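Common to both upcoming complexes is subunit A, partnered first by subunit B, then by subunit C.
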Partner chain A sequence: MYVGQAIRRREDERFLRGRGRFVEDITLDQPIAHAAFVRSPHAHAAVTRVDTAQAAAMPGVLAVLTGADWTAAGHGEAEGVWPVKDMSGAESRTAYRPLICVDGVIRCVGEIVAMVVAEDRHQALDAAEAVEVTYEEKPANTVTARALDPDTPLVHPGFGTNEVMVTEHGLKAETEAALANAHHVTEVVVPTNRVTAASMEPRAYLGHYDRVNDRYTVWTTNQAPHIVRRYFTKSLHIPEHKLRVIAPDVGGGFGMKLYHYPEEGLVLWGAIVCDRPVRWVGTRSECLLGDTHARDHYTVGRMGFDENGKILGVKFETLAAFGAYESQWQASITNAYHFTMLSCAYDIPAIHTTVRAVYTNATPVDAYRGAGRPEAVYQVERMIENGAQEMGIDPLELRARNLIPPEKFPYQTALGISYDSGDPPALMEKTKALADYDALRDEQAKLRAEGQWMGIGISAFFDMAGAGPVKMMNDLGAKVGCYDVASVRVHPDGRITVFAGSHSHGQGHETTWSQIAADRLGCDIDHIDLVEGDTDRVPMGIGTWGSRSLSTAGMAVYTAADRVVAKAKRLAAHMMECAPEDLDLADGEFTVKGTDRKLSFAAVANASYHSGDRPPDLEIGLEETSFFDPADCTYPSAIHLCVVMVDPETCAVTLRNYWAVDDVGTVINPMVLHGQVHGGLVQGIGQALMEECAYDAESGQYLSGTFMDYAIPHAEDVPSFGLDAHFTRALGNPLGAKGAGESGTIGAPACICNGVTDALWHLGVRQITQPMTPRKIWRAIEDAKRASH
Partner chain B sequence: MDGVSVNFTVNGREVTATVDPRTLLVHFLREHLKLTGTHIGCDTSQCGACTVHLDGKPAKSCALLAVQLEGAEVTTIEGIAGPDGMHPMQAAFKEHHGLQCGFCTPGMVMMGIDIANRHEAPDEATIRSELEGNLCRCTGYHNIVASIAAGASASRRREASG
Partner chain C sequence: MKPARFRYLRAESVDDALQALADNPDAQILAGGQSLIAMMNLRLVKPACLIDINRIWNIGYIDEEGDGVAIGTLARHNDVKHSPLIRERCPLLTEAYESIAHHTVRNRGTLGGNLCHADPSSEAPAVMIAVGATLELMSVHGKREVGAEDFFLGTYETARRQGEMLTEIRIPGRGADGWAFAEISNRHGDFAIAVIATTLRLANGRCEVARVVASGVGEHAARLKPAEDALIGRPIDDARIDAAAAAAAGAVDPHSDSHADAAYRRDAIAALTRRTVSRAAERCG
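And now, the complex of A and B:
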């Protein structure tokens, strides 16, 4: 069995030898021209003049294109994949992100005004600087909490408001009653900071148009090439069968590389206009500004407890930033992944949430690793922590009293979602033991007596992963079917190529999908190759996002492989003159049960293509495709526990220890699983302590345009991690797998904020807005001191 | 463009070229020599994906002009494996899952080799501190630290036996 083994990754050697093939590495027969973009330096402005004459005359320039050219060509927009839906039935106020400014209004810094295509990079950049644009600046607002204030400038005046829509979920009357009758009510204002994925590979696109054969090709840094193909039908109106989308090696995605971005459409447009392949590779500044941003909720929450600390009800009121436009998958957060997860790992009888989505003059917000769930967990867990502290109940003990007991599974939350399986109390016991929790509390008391500020943070949560099923996700707003696809092609020599609709950009599918296939096919893993990321080679696919690939594409590999085996057994049985049920397949050989009669899988594969001696109703060939629609979402769960030290002199936070115990269902490869958790944790740690997409509140100017200003964690900023697991099988797919991509980012911000709050509670500190920089911690301590005087 | 002539060594081979004076070393390696293993992740010399060895020491090739390299010896990620297989540091990254998407990996490996060159038996704190110029967004560093520690140990064993 390969499943369950820490098989070393089959994709590693090409990366380790510098032979990865990323979009920027692609070469073509024709010389590739370069695109550069003219972007608005203002957050809100009218464009009164665009003069391209000087730029167009510069050396090497092939074209200078503007919004007027786009409109004249009849091109469209990047329509929503998961558009917003107002629960009241009212029209939601949708304004999709334009590929290029077409209406003369700039609504956020970085919006594209013109594209220059030139022979080389330097010529393109020089000419972009020579494009003259006159702007008439307007007042802007980038602050989510201010979006609905009466004097706030409107991002889209035509709507008459900055409110995109309102959603409400849960049990309103029951929640109000629970809060009214509670022994204790905790109220916390919790803004979730605006962050961005910052994958190490910048976004990059290469477009090519073969005029003679009328075929288009786009190489893209994307997680879901078939979905990109679908949305080119809306932007450039290219029929799907004419366009090949290739996502080769992609250097990290984290959700951010899921979208049909402006530059992707524009680069192919440039290729069509110039009759030359055109490439753009984002600078880090362009990416930090133009990649979708994430989170940016402003939430007021109230949680009611009985005298024993049992949670009776919780109410949330949230302003959720959209940024200047509705990004393609935005409502997967607002309409699906945020509200559904507000019960976390707790048995809460009454929950009610209202989300007002709002426009601001900032970069559009969309899904980034966790997508709504880090916000939800942060919102819930901050209240639990403060409630426990206020009531004088040990925070772990209070949580333990509220965890969903195993006998309540499948557990129906107050928000209408049903968690299929899990055992939060078992996770808590393991976490407690792993961290030696009681000893930590003793140490904390001892250190506090010495004037040292140690804090212990905890978070406990469920994740909704594994999207679909198709129907459920359609009901939650998805305009794409959330299934996935795999073909298993057995070649005449018995070797196998698997084609999958998922896309690996760090997840290691070449290894894990092969582990699944090799077990099902009873063959050596080295006899399997995987193809992903090419719409001309892979029949269909919905791509890799939302911790879904294993329980959809992985399951499609599993199912297609089983169909191959079933067909091969029929042929083998014919050849061996026995019944298919009499055959076992292992180690590349069919064996007749209870005998020593054997026939190699390769011989059967060869016969399937080249022998006329077969059952009359058996088709030639040995290749099967599965479109796998899971029976349910998956619900991974986890508990995190950390120790933070806050320096009383500098107010700097040191994350001393971090433990996480995960329930991800069946594990294909524990090494890959741990890698996923580690990576997510550090992104979550970044959100808690360092990262912020900051805007100047007055001018709307973006302040986080380089890695000097946008602080992603370095190796020295984080500890090594202590991981453990407790597995319950997922019920929605035969593998029993739940997905593991997002646990780290979902749980870490809440866990660390709770730890810092715990460290500073005795000083009167109740809440610190993320990222918890030394300055903010110092300010919170000073404010607490003043409040107590 | 008035080209400037430059001669230096890349992965043991002499290179002579006439380049636009504003050509960065990383662009020269990637576009002129087609050594695309060296990556650009930030443009401002924070991320270290472009790390190469310049006369045996790590250098960020996005912060050097090709014309500065006259007479220098440059080694890139493509130049460290031997005829018998990967360099011990490369092998350690595979063994310890020190990479996910692979984009920062060449820079991490080049930096790891340098850490191993300068430290007898680098401990976790030393490795984390030494990686101040290299960013990774996938691995959370946990397994990169383990890879470099193991790679350093394996490199020493190779020297001892060689």
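And now, the complex of A and C:
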């Protein structure tokens, strides 16, 4: 059995030796021209003049294209695959992100005004500097909390409001009643900071048009190449069958590389116009500005408890930033992934949430590792922490009293979602033991007496992973079918190629998909190759996002492999003159049960293609495809616990310990799982302590355009993680596996913020806005001092 | 190819570099390039000409000089950081290097380049002022020396004149002076929010000489004289340390930006002063 083994990642050989092949590495038999973009330095402005004459005359320049050219060519915009849906039935106010400014209005810094295509990158950049654009600046708003204030400038005046839509979920009357009757009510205002994925590989695109065959090709840093074809039907009006999308090795995506970015459409447009392949590779600054941003919620929450700390009801009112435009998957956060998870790991009888999505003059927000769930967990867990502190109940004990007991599974939340399996109390027991919780509380008391500020943070949650099923996701707003696809092709020599509609951008599918396939096919893992990321080779696919690949594409591999085995057994039985049920398949050989009669899998594979001696109703060949629609989402769960130390003088936070106990169902490869948890935790820690896409509140200017201004954690900023696991089986797929990609980012911000709050509670601090940099903590302490005087 | 177009000259010797500087008044010296190249790639600066001094073989030394140290301008940060001679004779600099940049930047970046860049939140300028270093500047017309205290004039602005190149950094012997460095940044190795570098000399239990130098809270690294005055002539006890901390906070006029506001920076300066003065006092003798 390969499943369950921590075998080394098969792809690492090429990555570690620098032999990965990324979009920037692609060579073609034609010289590749380069694109550079002229971007607005203003957050809100009218473009009154664009003069391209000087740039167009510069050396090496092939074309300078503007929004007027785009409109004249009849091109369109990128349509959402998860369009905004207002649950009240009212029409939502949708404005998709344009590929290039076509209406003379700039609505966020970095919006593209013109594209220069030149023979080389240097020439393109020089010419881009020579494009003269005259802007008439307008007042801008980048602050989510202010979006609906009466005097706030409108991002899209045609709508008459900055509100995109309102959605409401849960039990309104019951929640109001619960809060009215509660023994204690906690209220917390929690803004969730705006962050971005900051993938190691910047976004990059290469467009090519083959005029002879009338075929288009785009090489793209994307997580879902088949969906890219769908975007192009609307932006450049290219039919799906005429476009080949290739996503070669992709260096990190985290959701951020799911979308139809302006540059992706524009390079192909440039290739068509110039009759030359055109490439763009984003700089770090272009990416920190133009990659979709994430989170940016502003929530006011109220939670009611009875005298024993049992949660009676919780109410949320949230402003969710869209940024200047709607990005393609944005509404999956507000309409599917945020509200559904507001019960976390707790048995809460009444929940009600209202979300107002709003436009601001900022980069569009879209899904990023966790997408809605980190916000939800942060919002819930901040109230639980403060509630416990206010009521004088140990925070772990209060949580334990509210966890969903194992006998209540499948558990129906007050928001209508049903968690299939889990055992939160068991997770809590393991967490408590792993961290030696009681000893930590003793240490905290001792240190506090010495003037040292130690805090213990906890978060407990469920994740909704593994989208679909198709119908359920359609009902939540998806216009793409959330299934996935795999083909298993056995070659005449018995070796196997697996084609999958997922796309690994760091997850290690070449290893884990091969582990699944090798077990089902009874073969050596080295006899299997995996193909992903090419729409001309893989039949169809919905891609890798939302911790879904294993329970969709991985299960399609599983199912297609089983179909191959079933067919091969029929042929082998025919060849060995027995019944298919009498055959076992292992170690590359069919064996007749209870005998020593054997036939190699390779011989059967060869016969399937080249022998006329087969059952009359059996088709030639040995290849099967599965379109796998899972029976349910998966609901991984976890509990995180951390220890923070806050320096009383400088207010700097040191994250001293971090423990996480995850229930992800069946584990394919424990090493890959740990890699996922580690990476997610570091990103979650970054959100808690240092990451922020900051805008100047007055001018709307972007302040986080380099890694000197946008801090992501280094290895030395995080402790060695203490991990453990608990197993309950997922019911929606045959392997019983749950998604594992997002636990870290979902749990860490809440956990760490609770830890810092715990460390500073005795000083009167009740809430600190993330990222909790030294000056924010210092400010919170100063404010608390002032309030107590 | 992200920077704007520029001419590139490679100097093989110091004389070569000085002549190139004289011939090309629009030139900038390229040392480790860890700040300059990044700023050029962002097109924030567009020098018409670069004079690359990286091939000059004899200006990366770290040598004894009397009871002090002479450091060639091209000495790489990591060489200085790990130098046993520096650790012995200028441990303040070794301690500061725990907070200076990241490993890969230190591999390439140079002490001389860092001082000439004169970033207002940089650590090395504060250390140089605190230890009373002398900087040697050369041009085709000759050489002169400038005390570190007089070298830093403003944001990215130094006493180095057109045609001059920083060639050597001289650090005097430490004697029995105590020292301490402390910094606050949002992430270890990042640009500082606030820095204090302190050196102290005690005589008969009383503070004879004190240098309390701040960085990150003004246009350039500078001594906080009121804090020093609070210490001189007295024994270093808790009351003196608190007085110095309060004086330090009063002596700075920090700015606010997206990383920290002025009030926090001022409080941080007090905390760092308290820490460095008490640690430096312990290390005296």
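The rule is simple: the second predicted complex is superposed on the first by the 789 of 789 C-alpha atoms of A that agree within 3 Å, B and C clash if a C-alpha of one lies under 4 Å from a C-alpha of the other, contacts with A are read in each partner's own complex, and residues count from 1 in each chain.
Please note the rule applied: contacts are C-beta pairs under 8 Å (C-beta built on N, C-alpha and C of every residue); 3 or more make two chains touch, one makes a residue touch a chain.
No experiment lies behind these values; they were computed from the predicted model shown.
Legend: residue contacts after superposition of the two complexes on their common chain; A:Glu129 is shown touching subunit C, with no touch to subunit B.
In the superposition on chain A, contact of A:Met690 is made with subunit C only, not with subunit B. Within the superposed three-chain model, A:Ala652 lies in touch with subunit C and out of touch with subunit B [touch as defined at top]. After overlaying the two complexes on the shared chain, residue contacts for A:Leu703 are found with subunit C alone; subunit B is out of touch.
Comparing subunit B with subunit C, the partner in contact with more residues of subunit A is B. Applying the stated contact rule after C-alpha superposition, one finds that A:His610 touches neither subunit B nor subunit C.
Contacts of A:Arg779 after superposition on the shared chain: subunit C is touched, whereas subunit B is not. In the superposition on chain A, A:His789 makes contact with neither subunit B nor subunit C. Of the two partner chains placed by the overlay, neither subunit B nor subunit C lies in contact with A:Arg211.
In the superposition on chain A, the residues of subunit A contacting both subunit B and subunit C are 121-122, 283, 285, 706, 708, 713-714, 716. The touching residues of subunit C, counted against subunit A in their complex, run 1-2, 4-5, 38, 41-43, 102, 184, 186-191, 193, 258-261, 263-265, 267-268, 271-272, 274-275. Across the complex, subunit B is touched by residues 8-9, 11-22, 24-25, 27, 121-122, 197-202, 249-252, 254, 281, 283-285, 505-508, 671-672, 674-675, 677-683, 706-708, 712-716, 718, 720-721, 744 of subunit A. Residues of subunit B touching subunit A in their complex: 20, 22, 27, 30, 34-44, 46-47, 49, 76-78, 81, 86, 90, 93-95, 97, 99-106, 109, 124, 127-129, 131-132, 134-145. Taken together, the subunit A residues at the contact with subunit C in this complex read 120-122, 125-126, 129, 283, 285, 649-652, 690, 694, 696, 703-704, 706, 708-709, 711, 713-714, 716-717, 773-775, 778-779, 782.
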